[in-house]
Structure formats: C-alpha cells, structure tokens
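Listed after this line are the structures, all set down as structure tokens.
Common to both upcoming complexes is chain A, partnered first by chain B, then by chain C.
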Partner chain A sequence: MTYLLPHILNGLTLGLLFALIALGFTLIVGVMEVINLAHGSLFALGAYFALTVIGGGWFSGTEFGVWWHGLPIEHRYVLALILGPVLAAGAGMLLELCLRPTHGKAPLYGLLLTFGAALVIEEIIRLGWGTGEQNLEVPEVINGPVLIGGFIYSKYKFFAAGFSAASILCVWLFLERTPYGAIIKAGAHDSEMVRALGYDLSRLRLLVFGFGASLSGLAGIVMVPIWGLRPHVGIDVVIPAFLIIVIGGIGSFWGAVVAALMVGLAVGITGAYAGAWATMSMYILLILVIGLRSRGLFGRKSALEN
Partner chain B sequence: MSDSRITRRRLLTTAAAGGAVSVFAGPWKHNRVWAQATDKPIRIGITSDASGQYANSGASDRRGMMMAIDEANERGGVLGRQIEYIHIDTETTPATGSRVAERMITREECGFLVGAVHSGVANAISQVAQKYGVVYLNTNSSSPTESGQNCHRVKFVWDGNGTNFAKAAVKNAIDTFGPKWMLLTNDYVWGHDTAKATKALLAEYGGEVSEEILIPQGTRDFSSALLRVQQQKPGVVSAAIGGDDQKAFRQQVAQLGMGNSPAWINSQQDWPDVYGLPLENLFGVFGTTWYYKLDLPGVAEFVKKYQERYPDTQMRVPGNVFYNGYMATRELLAAVERAGSANNIAVIKALEDHKMPAAERMQHHDAWIDANTHQVQQTIYLASANGKPSEDDDMFEIVANAAPDVVMDKGAAAACALESYEDTPSFDA
Partner chain C sequence: MISLSDVPSRSAFASVGPMALAGLLLLTAPWWLPAIGLYQYLGTEIAIWLIFALGFNLLFGYAGLHSFGHGAYLGIGAYAFGLWQQNVAVGLWSGLAAAVLAAGIAGAIVGALISHRRGIYYALMTIAFGQVFWFSAMKLHSITGGEDGLLGIPRPPLELGFAAIDMRSNVALFYLAVGLLVVALVVLRRLANSPFGRVLQAIRQNETRARFAGYEVWRFKWAVFVISAMFAGLAGGLFSMAQQSAYPDVMSLHQSGLIVMMVLVGGGLVSFWGPVFGVIFYFVARDVLGGLTETWLLWYGLMFMAMVMLRPEGVAGMLHLATHRLASLRGGTHLAAEKAS
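For the complex of A and B:
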C-alpha cells in the first residue's frame, strides 16, 4: 500500500486537472447540445494568450517590452490567469455566433462546424505563434520539487490540482447558488421553457459558450506547464475530455468531476505498473461504464439522442 | 435496342491495343524509363513529416535537403540536369508514409526519395521504394531495425542508430553510476529496438535492468513513471523517448528536480526536440552525430551558410537533423555524378561502400556506407548540457567522441538480408 499511495495521489491530482478540462466541455454540451470539438483548440488558445501576456508578445524588444519583463513574474502570471480565459471566452463567443445557423438542426452540423473551427484555430496559432515548442513560464514559488514522505512530487502539480479544485468549486457555487446558474441549468434541462419565461435564449447560449471557452482557456494555462505548449496540444486534450463527459454522463457536472477522477486514477496507476496500458485504461474504463450504464454514470436522456 | 455484341474485329483490335499498353505500362519491373531526354530534371520526393509527433524535426530535415538541392542547382545541376523536388507531409504515420511514397513514385515520377524521422514511417516508405526500385535515403530515423531486419537494397540509413548511441554510452555509465538500470521506453519500433540494444550491452558489461516501463506515444503526463523511478532508486535511467513526448518528459523531470539524480542516459537527442528549452531541462548524457560548435574546419562556414539561407527560422543554427538531411541529399547527388547516370542500380553501387573523409563530413573520423547494411558508419558524440554557453544556442557540451568501428552495430549486419540487384527493379530516373 505504501508503494501504491504516491500513485493514488498522483492519479487524483491528474483527475482534478482532467476535471477542469472537461467541465467547460460538458457545460456547452448540456446547454448548447453541441459537442464542441474546438474545445481543445480553445484550451490551446488560452495558453497562447497567457504566453503573450507573460512574455510581452509583440512588444518584446521595445521599451515597453523591456519594462514589462522587469515586472515580477508573479504579477504577469496572475494577469495571464485573468486575461487568458477572457480572451478565450471572446474566441468562444465568436465561435458560437458562427454556430447559430446550426441551432435546431441535427447535432452533426454543430459537430462538423466545430471540427472545422478546431483546424482553423490551430492554423491561426501556427501563424501567430509559430510551430515550435514554447515554454510557459511560471513563478518560482510554485515551481520545483516538494518532498512528501519518502517521495518527491512536483510543487506545480499540487498548485495546478488545488487551483482546479477551487475553480470547480467556484463553478459549482455559481451554478447552484446564483440566479444565473439556475437559468443555465434550466436551459440545459428545457431550453424552450426558459425562452417561454422570457429569457433571451440566444444571449444565454452566447454567454454559456463564452463561459465554457473561458474554463477551457483557464485549463490550458494551468496544464501546459506540465504538458508543453505546441499548436496541436489541443488535440491531446479533446480525447480525454470527450471520454470523461461520456463516462460521467453528457451534460452532468458531477458526472464530469467523478469521471475525471476515475480516469486520472486509472491513468496514474496503470502508468506506474503497466505503462503501455496507461492510455488504453481510459478506453477500457469507458467500455466498462457504458456497458453497465449506456448514458454514463450520471447521464440522462439528452437532445443528442433524438 | 442497343447493339452490345462484340464483333471479332473489335475483339482483336482491343486485344492488340491492350497488349501494346501492357508492354509500356504493365508491370514496371526492369523496364521503367523516365529520363527520355538528358535535360529532363531529376525529381526527388521529400518524405519528411510536417505534422504529428516529429513535425519540428521533419521541418529541420527538409531544410537540410533543400539546401543541398539548391546548392547543386546553383552549380548547374547534376549531370547537366536540374534537380526538382516535391514535398508531401508523411504526418508521422506509417500508413501515410506508404501512400505518399506510392504517389511520389507512380504519379509524381520521383526517381529518388529522401527523408524520415520516425522509424515506422521510414520502414513503410522503404517497402514501397523497394517494390519500384527507387533509391531511398532514410535521413534521420534511428531504429537499429532500419539497417537490420528492415534493410533494403534501395534504402540507405544516414543517422546513427540506437545501438551505436548505446555502445558509446553504456559501458562508461555502468562504470560511473553502477549496474542497476531502469528503462523508460517509447512504445514503438525505435523505442523497443533502442531498449533491446541497451539491454544487450548491459548483459555484456555486467549491468542489470531493474524495470522497464513502456511509455505510449503521445503521453503527456510522465509522473507515474517518474514516481516508479523514485521507488526503484536505480543508478541510471536509460530513456528512449522521442519527439514532442521528449519535451514534456524533460519538463516534468526538471520540475521534480530529478535531473541530477539518478543519472540519465538518453540514447539520442535530436536538436529540434530540445531547442529553446531551459538549461535545467537538458539533464543527462545523450548521443548525437553532430554539433554546430564542433571545433573542426568548415563548421563555422556551414553555420553561416545556414543562417544566410534561413534567416527567419526559429532555430538559429543547424542541428543534427538538418545536418543529416543535408549530408544525405548531398551524397545522393554526388553518387549520381560518380555513377555518371541516374540509373538506380548504378546509383546504389556508387553509394555502397562509399568512403566519406572526416573533413568533408565535418566529423572527427572518416565515415563510410556499409555495403552489407547500407548504414552510414560515422563518429558518435556524447553530449551533455553546457553549463557555460558562449551564446544562447550553445546548449550542449560535447564530452566524448567514438570512432565508427568502436560503436558499429554488428547485430544489424547479422539481421540484414539485402535483396539482390536482380530482384530490384531497374530504371533510369
């Protein structure tokens, strides 16, 4: 058990990070009834925006750029954590406007359009930031190793997991404790009834998409110091995010969180004892869960099934 | 009612026409002639990855080939013929590599193929190339199988392989850091074959493998494997992890502060995989075939030429992948000149057993193309992070070099059975 403990901790940490990625995805699916294949690209976009904020971007080499670099990394990093998701939200809202002609049509239209958007965003990233690997700098205080018991773990990973847990809690409080959250949940349950009550459904969808995109962008900023930043990093993200929302049940908040923790544990433990099966463990988990509960752990019948 | 009956005359005419077509277009074996006129350009198919795991290395590989081709054209071409090239992305995927090779040969009329980083892709391309007899230069993939069990008469392998690199590093590392080793192996052909070579050497020199962890390609989180390393406490970890995986891996080892202990041996390190990473991410000792700061004649000029030709490239100096792409293409064109013909069999013979003086290759020892395996036998360098860089790009310090005969992969020669010349379709490119 002593041997297993670090791997369980590692799996839970990984699961919290996966949960942050999957949360925006499941919100958009729940309310919009669109499987947003551009979710990973918005994840990458958030991280690239953060890279620009931290590094000074186009101002590098100018007087302003030199002054900017003189600011402590902590300040620039916090600003990136705010601006990155905001800019990703803007990109997400733009995508939602493009998706409008597909509303009310078969889910395949939205799926194809978001797939196309993913390709476009990736190319924009290549043009804007280049094709090479980039390094997202993080403050020294959350970097480096930390000794726990007899093993060394990454301080940054603890930070990322804690940050993810706090973000998940904030999203839950927002959905459960605010009138806006109640409208979003109602929209996910019966959008036509929400419209009948006088709420502007188009605006609701726009805001939900923006919110989901900002969560994705935030996940990007938190994850890429671990995963590395390159134009196609979003592709690495979409597959686990998709698996998680299917395992948890499409549109279910707690389903996404529980499934993400299960996937994290599966990947963490198999990675340690049967490395070749680490990625495969996600799919095996999916087969097991779907075999027992076809709509996932917390799933209900959704419009995607019509 | 339409008349669909076939008359005897039509049948005979059709049969005669079909026969005539089959003479020219039928099975190409031994009778394909592309160069009807001597001024027809020589067409080279560049089969480098532009997307996927090895996209960055593929771009560097391609730049090397293009510089060699441009230089040849600036000299007036080869045998008075200009060199044309076409590039199609092989996507770091063996199936795409096969399709690209097939298309380049049958539709684009390429007489030669050049390029590869991923050994699975290289193997797929070489099978198609052998079917048509098209000479193929595998520039940068380094699985021992490429010049071993997957060798072909048409294929020439330019990079050092996993066995060469392991031979340069293993014995010394056992002596310095002890016999207990752990292997982290990318779960595909290059990783497996490199690990196999390392295990054989460990057995030979008294080392032992306490555990091997297979890492699937595309892995982004290595913490499970790294926690296992901590639990096992090996003296040395030998990591065969390539491409973009390598970057994420290095990042995470550095985050855990594990770069100095245990000792890390990375059998090979391609420059595009680590370019721009912070110094603390460049832990360990690794093998390479070239470095832009080698203190040898011609190196500085080569670097200058690269910088003039590629002023906007993120990598400001040529790396080992660029070097291999350049050298392979240059030697291919030189072999056509020596052969005095673009006939594939003549070019193969001009390449086999060809000696390449150290001065021309900007390495410490003379190199040659092994006629039995078609692998370039060359100097292998061991490098580590440079604690006192003379400039931003000066990331490595070359700590040793090994002569080709010392690091030769004898297993490849035993496993390789080249097709005969007679079994290799002949044609003029």
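For the complex of A and C:
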C-alpha cells in the first residue's frame, strides 16, 4: 500500500485536473453540440499566456519587458492565474465566431473546423514561443517536497489537486445556484426553448465557449508544471478530455467528474506497474465502458448520435 | 449544401476528356515534375496517398462513417510489409498481400466492435482504437522498433513471371504505385456504383431508414470498414517500400486528421474524385508553401478553416456548381432546375 499510495495520489491529482478540462468541454458540447478538438489547444494557450505573464517567451526580452516582471513571483503567478484564463477565453470566443457558419449542420463540420483551429493554434504557439520544452515558474510556497506520515510527496501536486477541486466546486455552484447557470443548463437541454423565452442564444453560446475555454486555460496553467509545456501539449490533453466526457456521458456534469477520477486513477495505478503503458489504460477503460453502456456512465440520448 | 446523393449520377465514360488528360499528366509525371521545380518522389507519394484517400472516402464520403483513426491501418500495412520483408521472405507481391491482409484483419476486428455505434460515438471509437494501435506501435519496441520504427526495408523487384523489374529507382516505383492506383480506382469505382455502394449511401442519408428498408446495416458498416482498411493497408505497404522504413508517426491522430482534411478539402463528400483534388492540393501546398515559409501548416490550417466555414463541399463541389452554372448559362434549363443550392 505504501508503494501504491503516491501513485493513487498522482492519479487523483491527474483526475481532478482532467475533470476541470472535461467540464469546459462538456459544457461546450452540451450547449453548442460541437466536439471542440481545439479544447486542448486552448489549454496550451492558457499555459503559454501564463508563461508570458510570468516572464518567458514573448515579451521576455528587456526591450519588451513589462513593468510587472519586477514583481515577486507570487504576485506574477496570481496575475497569470487571472490573465491566462481571460486570454484563453478571448481565444475561445474568437473560435466560436468562426464556428457560427457551421451551426445547424452535421456535428462533423464543427469537429473539422476545430481540428483545423487546433493545427493553427499549435503553429501559432511554435511561432511565438518556440518549439522547445519550457517550464512554468511557480512560487516557493507551493514548490518542493512535503513530508506526510511516512512518505514524501510533491507540495505542488497537493496545490494542483486542491485548486482543481475548488474550481470544480465553483463551477458546480455557478451552474446550480445562479440564474446564468440555469440558462446554460437549459440551453444544453433545449436551446430552442431558451430562444423562445427571449434569451439571446448567440450571446449565450459565445459566453459558454469563453467560459469553457477559460476553464481549460486555467487547467493548463495548473497542470503544466506537472506535464511540461510543449507546443503539442494540446493534442496530448484533448484526447483524455474527449475520452472522459464519453465515458461519463456527453453533457453530464457528474459524469465528467467521476469519469475523470476513474481515468486519473487508471493512469496512476497502471503507472505503478507498467509505466510505459499508463496512457493506454484510458483507451482500454473507454472501450470497456462504451462496450457495456453505449452512452457512457451518466449519458442520455443526444443529438450528436445522428 | 450539396452531398454525394445530390450529384446527378453519370456514366463512367462521360468525362473521357478530363480523364485522358489526367492519365496523360500522371504517366508523364516523372518528366515534368522536376521541370516545374518539384521532385519525382512527390508523384509516388501522391499516388500512394491517393490509394489511401480513395479507399477512405468509400467509408467517409459514401457511407458517411467518420473515422478519425484511419492512419492506424496505413501504419499496420507499413509494418506488415516491413516485417514480412525482414522476417519471412523478400518479395513484392507477398509483402503487399501481407500488408493488405494485416490491415484487413485489424479492420475486421475493430469494425466488428464499432459497427453498432452511430454518429459521434462511432467517430470516437475510431479515435480510441486508432490511438490504441498508435500507442502499441510506439511501445512494442521488440517488434516495431518503437519510435525509430523499422529501418532498412528492402524494395523487392517486381516479378511478373516472365521478367523481374528492379524497383530501386524512384521512377520504376512511381509506375508501380500508379499501376496499383489504377487497379484500386477500378475496384473502388465498381464498388461505389454497385448495389453495395447504393446501400452505403442510403446508410449515410438515414441509417434508421436503411434498417427499416430491410438491410442489416451493421454488416454493411463492417464490410466498408474492412474494405477501406485493406486499401489503407495496400497504401501502407507501398509507403514503407517507398520510404524503406515504417514508423509510428503515420498512425498518430494528427495524420489521421490530415487524411480527413485532404478528403474534405477535395470534396470527398460530394464526389468520387474529390479526394484526388484534396491529396494533390495538400502535397503541392506542403511543398510550395513549405518552400516559402516554415509555418506552412498555419496557412493550410487557416485555409482549411475558411473552407469548412464557406465551402464545406470542397473543390469537387465547387467544380460541380461551376459546371452546372455553365450548363444553365448555355440554356440547359433542365439542369438549372436540379442545380444544387
């Protein structure tokens, strides 16, 4: 058990981060009926924006130095946690505007458009921030090892898990306890009815896309110190997100959270015994779950099946 | 928007002029390609990817089944060809047969597991299985050579019974690829215009209706998946012969997405010949744009996005519209009536 414990903790941390990404994804699928293959690229963009805010990549040279780069790392990190998601939301809203001509057509077109967007964003990242692996600087407070009970664990992973859990809670409160959340949920259920009630559907879609993108960007900032930052990190992350919403059931909040934790644990525990095959475990999980329940754990019939 | 079923069916010989021109261009490619600043190998590459894309379009354009993991079967064909040459026997026909068979078997297994799925769940399962194959190719070092792949795959000579033609020159290889492409074209065109092809189109239009019409839909979905996987395997075998290596990169989601992009840009959804435009466009864009800028994929991606937004029926769809407009200008009122909107 002491051998497994760190792997289980790793898995849970990964699962919580995956849940944060998958929630944005599932909101977008629910309201827009678009499988957003660029979701991972928005994740990468959030992280790269944070890199710039903290002081790397674009504007990192002295000529373009920004005044806040003199601030202590704690302040810059908090600034990055705010600005990164905002900029990612901007990029997501731009993508939503591009998606407008595909509304009302087969889901394939939205999927293809976002695949193209993923390619474009990846190339923009290569152009702007370089092709090499980079690292996001984090404050001392959440860096380094921590000793609990009999074993040493990464302080940062505790922070990442806690931060994701808190963010997931906030999303849940937003969806369940605010009128905006009610409209979004209603839009996911029956967008025509929402329009009939007098809400501006195109603005709702824009906001949902922005919100989903900001969640993805936020996850990016928190996750990259664990995963590393490279231009194709978007592809690496959109696949788990995709698998998770299908395992959990498209459009289901708790489905996304439960499936993300399952995937995280599967990856963590496989990692303990056969490190090289860790990523494979999520595909096996998907094939098993979909083989048994074709709409996922909490899925209902959706328009995407036709 | 128009789709394949809205395109009026024509006899195979209606477009003799353009086809003769295309055939002539194809057969003389090794001479004029270098003359316009490209290179001979490009022709071989295009012929190989055309086999892949045309086989894929039977699944994607005709049956409307969106596979996003088809690079896997190309890769399986490539590995099967390489492993056959290295471990069993050096031989062209046996190697290609192994490639087709291996991809077909993989396709048959996956097809059996996914053929009951519909819509986005179908697409998703193809991604998942594609990733499983890609991942296995990366991790099974002892068989596939891991990330480096199989190296030093020989190019066996073409045995015709009475003679053997050496395949080490790129020109000879080009003609082999074109020959196989022509065979593939004939077979695929026969299939597409057969009752089988009509059932596939019925499935694309409305799967439920096709089932109520009495067809066991999943059998057709399975069969077309296997057929397209076999063509992918053939293309893969040729590819590993041309490259003299097989590597997991062609099996990645990225590559599988690119083949979908090529087919869509060309207009595979509206025309049998659509993928031809798409594949040529992609490789010429890669070499011409790639010669101008490092970030050619950025411009290709932006162009693709614009295409999905404005003209999702692709190059072939635009050509159809143009010929219809032209015909109606000439006074063909009956054609104007069936003009696609």
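One rule holds for everything that comes next: the second predicted complex is superposed on the first by the 290 of 306 C-alpha atoms of A that agree within 3 Å, B and C clash if a C-alpha of one lies under 4 Å from a C-alpha of the other, contacts with A are read in each partner's own complex, and residues count from 1 in each chain.
Note that a contact is a pair of C-beta atoms (placed from the backbone, for glycine too) under 8 Å apart; a residue touches a chain by one contact, two chains touch by 3 or more.
These numbers come from a predicted model, not from an experiment.
S.K.: With both structures lined up on chain A, is it a clash or a fit for chain B and chain C?
M.R.: Superposition result for chain B and chain C: clash.
S.K.: For A:Tyr109, decide between first (touching chain B), second (touching chain C), both and neither.
M.R.: second
S.K.: Quick one: classify A:Gly187 as touching chain B (first), chain C (second), both or neither.
M.R.: neither
S.K.: Between chain B (first) and chain C (second), which, if any, makes contact with A:Thr279: first, second, both or neither?
M.R.: A:Thr279 contacts both chain B and chain C.
S.K.: On the A-aligned overlay, A:Ile290 touches which partner chain: chain B = first, chain C = second, or both, or neither?
M.R.: The answer is second: A:Ile290 touches chain C but not chain B.
S.K.: Could you tell me if A:Gly220 is touching chain B, chain C, both of them or neither one (first, second, both, neither)?
M.R.: After superposition on chain A, A:Gly220 lies in contact with neither partner.
S.K.: Would you sort A:Ala117 into first (chain B), second (chain C), both or neither based on which partner it touches?
M.R.: second
S.K.: One more residue to check, A:Asp236. First (chain B), second (chain C), both or neither?
M.R.: It touches chain B, and chain C stays clear.
S.K.: Taking the superposition as given, does A:Val246 touch the first partner, chain B, the second, chain C, both, or neither?
M.R.: Second partner only.
S.K.: In the superposed model, where does chain C crash into chain B, at 7-15, 97-105, 151-159 or 295-303?
M.R.: 151-159
S.K.: Check chain A for residues that touch chain B in one structure and chain C in the other, and list them.
M.R.: 276, 279-280
S.K.: Using the touch rule from the top, collect the residues of chain B that touch chain A in their complex.
M.R.: Spelled out, the residues of chain B in touch with chain A are 51, 55-56, 59, 187, 213-216, 218-225, 227-228, 230-231, 244, 247-248, 251-252, 255-258, 272, 275-278, 314-315.
S.K.: Can you tell me which positions in chain C touch chain A when the two form their complex?
M.R.: Residue positions touching the partner: 1, 66, 113, 116-121, 123-125, 127-129, 131-132, 135-136, 139, 207, 253-254, 257, 260-261, 264, 295, 297-298, 300-302, 304-305, 308-310, 312.
S.K.: Of all residues in chain A, which touch chain B in the complex?
M.R.: 3, 6-7, 10-11, 13-14, 130-135, 143-145, 151-157, 225-228, 230, 232, 236, 267-273, 275-276, 278-280
S.K.: Please give the residue numbers of chain A that touch chain C in the complex, ascending.
M.R.: 35, 37, 98, 101-102, 105, 107-109, 111-113, 115-117, 119-120, 123-124, 126-127, 235, 239, 242-243, 246, 250, 276-277, 279-280, 283-284, 286-287, 290-291, 294-295, 304-306
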